[in-house]
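Shared chain: chain A. Partners: chain B in the first complex, chain C in the second.
Here is the complex of A and B:
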């Protein structure tokens, strides 16, 4: 017969499987992008220069700040200090939401300028990669909100720490992927 | 012939009068009495895992049939580019009429095995569910609807192969419709694999029936399927239906998921059968 688990607190290695697979997927994306870029470097540099580095940098700072707040929330969860968890999660969500606002403004500006996924190969990659990243971002925000809801209790329920660590790892992955996207898409157009 | 419980035959065979009525009632609950060729045989009734292995093997079986019918005979490795002209698409149906007809017929006939496979997974999931059967039901519904995705798109391709002399523009539209239905109905399979993963992530065993990395792989597949959302926007390039990411990465994940989920649910079934105590001999 099956036996009950004395200790179920092992979700972290599990989500690392997801993160590893997802990052491998993005590595494929980046590799493909670089190969295409080598074929037409002038076009890629010209198109990249049309992106607003300031907005890209702002979004990088927003995600790093949000990631830092999530780290502090994890620290609170580990020490069982629930008000600290809630406070930092709220900050992380608020700062994180700003990323979505900035991204929305950026998309709207680019489309208004006539720069769409059909414009050229660079903008195809730009919209697809940042779009897929935005999907991950949306999942991440949803996870942070779910963590905040769970953190409303005065005492952490069993598994809360592992849940929080897993969500934090996912959020850091979103952060990490953006840093690569920022360097690859925005900075190559910098003068 | 099946003898009703508590008949004279049944009573004579077990020596009625030597056992109490309570014992009889218990025995009647746990046994089915089957009379074959005039000899009464008493068989254990309860085998909740009967046929499950057969159902699970339908996954790999379907995988092989899809490679044969859909991929090879249907000339779908990879599909024709959406950037091709209507005449180019029409030429495919005119040159490969017979193989397309065989392939698509085979695909429509064998697609139902996906549902059988999903039912096998459901039975394994039920062993891991604690509070209710919601996730195993969702998984089954996801598998059931995915079955339709394996059956309906080939009908469009078969229609085109059935009348290859038709206007090339019509043939191209049939080809496109089939592919858009095939790729864009990914949410149905997403439902299936997500329900599968969530169920086994909540498995309370010290050693879960399905390893957690496999569950997270299934969740990743579900998220990765979202990449199909780009398909309607591109006729060429890596995100078009025949492009590197859309076909070789996203689309192939469907088949990898079938393979990996089959392997691990079959292993889980072996473990469940090992852990289930053999029924005590009766009669």
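Here is the complex of A and C:
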């Protein structure tokens, strides 16, 4: 892959500051979880084994695929190719919505099994962290839908490209945070 | 190295890294370190290519590379301390 030269003529979207702060906040969450895990590693590993890693994997693949479609929509926005923007945004939203459905199935299954936030420390963290992530996800989906609505015009209105890039950045942050949550919550075994 | 189709090539790499990381599910110790390495590489790809920070000024690239590296290193280091 060819590394692009830094483009100082293109301003950095302001939303990057918010995204950096949000990721830093999640790093605190990761640290808090891991320190609590050190106190009772066996319990955390036993509870983590009760999660369905296939659903976690499926959700990872869904977010990565939705993010890919968003990058293609941004390409379309930059070239003013509105049908391409709409096509890829619709695809990104459809695939992205599947994440919410899978998460809903996962929550319902766990609650039916009696695994709630009050079960133990691991499940408290699991519901809180995935819940906060789900809130980010819901905002991300709303932004993608808003972008799709704005993209219905034949020509991009002023500011559309910047808006699309900012919404895309937010959506990629949802993907990025899930990558670490999936590894930490679902894939970690006991030493 | 050339990239025939940027976003699609990155998507394929992300899928492969996800499946590679999944192969280490439930692993501990160095096995989990490998899982976290795969996760960190994926996050790096998202930052550089999906978020297009490869074209951003150096300070922004360093900030996001630092956040991604810190996330992976923190989880891995604390895993070894339990």
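In this text, the second predicted complex is superposed on the first by the 175 of 191 C-alpha atoms of A that agree within 3 Å, B and C clash if a C-alpha of one lies under 4 Å from a C-alpha of the other, contacts with A are read in each partner's own complex, and residues count from 1 in each chain.
Keep in mind that, in the parts below, a residue touches a chain if its C-beta (ideal position, glycine included) is under 8 Å from a C-beta of that chain, and two chains touch if they have at least 3 such contacts.
Just so it is clear, the model here is predicted, and its values are computed rather than measured.
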Which superposed partner A:128 touches (first chain B, second chain C, both, neither): first
First, second, both or neither for A:153, with chain B first and chain C second: neither
Which of chain B and chain C A:101 touches, first, second, both or neither: neither
Touched partner set for A:29, first chain B, second chain C, both or neither: first
Which of chain B and chain C A:142 touches, first, second, both or neither: neither
Contacts of A:37 with chain B and chain C, given as first, second, both or neither: second
Most chain A residues touched (candidates chain B, chain C): C
Which superposed partner A:111 touches (first chain B, second chain C, both, neither): neither
Partner chain in contact with A:15 - chain B first, chain C second, else both or neither: first
Overlap of chain C and chain B interfaces on chain A (superposed complexes): 1-8, 10, 16
Residue ranges of chain C touching chain A (in the complex, touch as defined): 1-3, 6-11, 14-15, 18, 21-22, 24-29, 31-32, 35-36, 38-39, 42-43, 46-47, 49-52, 54-58, 60-61, 63-64, 67-68, 70-72, 74-75, 78-82
Chain A-facing residues of chain B, complex: 201, 204-206, 212-213, 215-217, 219-220, 223-224, 226-227, 229-230, 233-234, 237-239, 244-245, 249, 275, 277
In the complex, chain A residues that touch chain C: 1-8, 10, 12, 16, 20, 23-24, 26-27, 30-31, 34-35, 37-38, 41, 45, 49, 53, 57, 60-61, 64-65, 67-68, 70-72, 74-75, 168-169, 172-173, 175-176, 179-180, 182-184, 186-191
Chain A - residues contacting chain B, complex: 1-8, 10-11, 13-18, 21-22, 25, 28-29, 32, 117-118, 121, 124, 128, 131-132, 135-136, 139
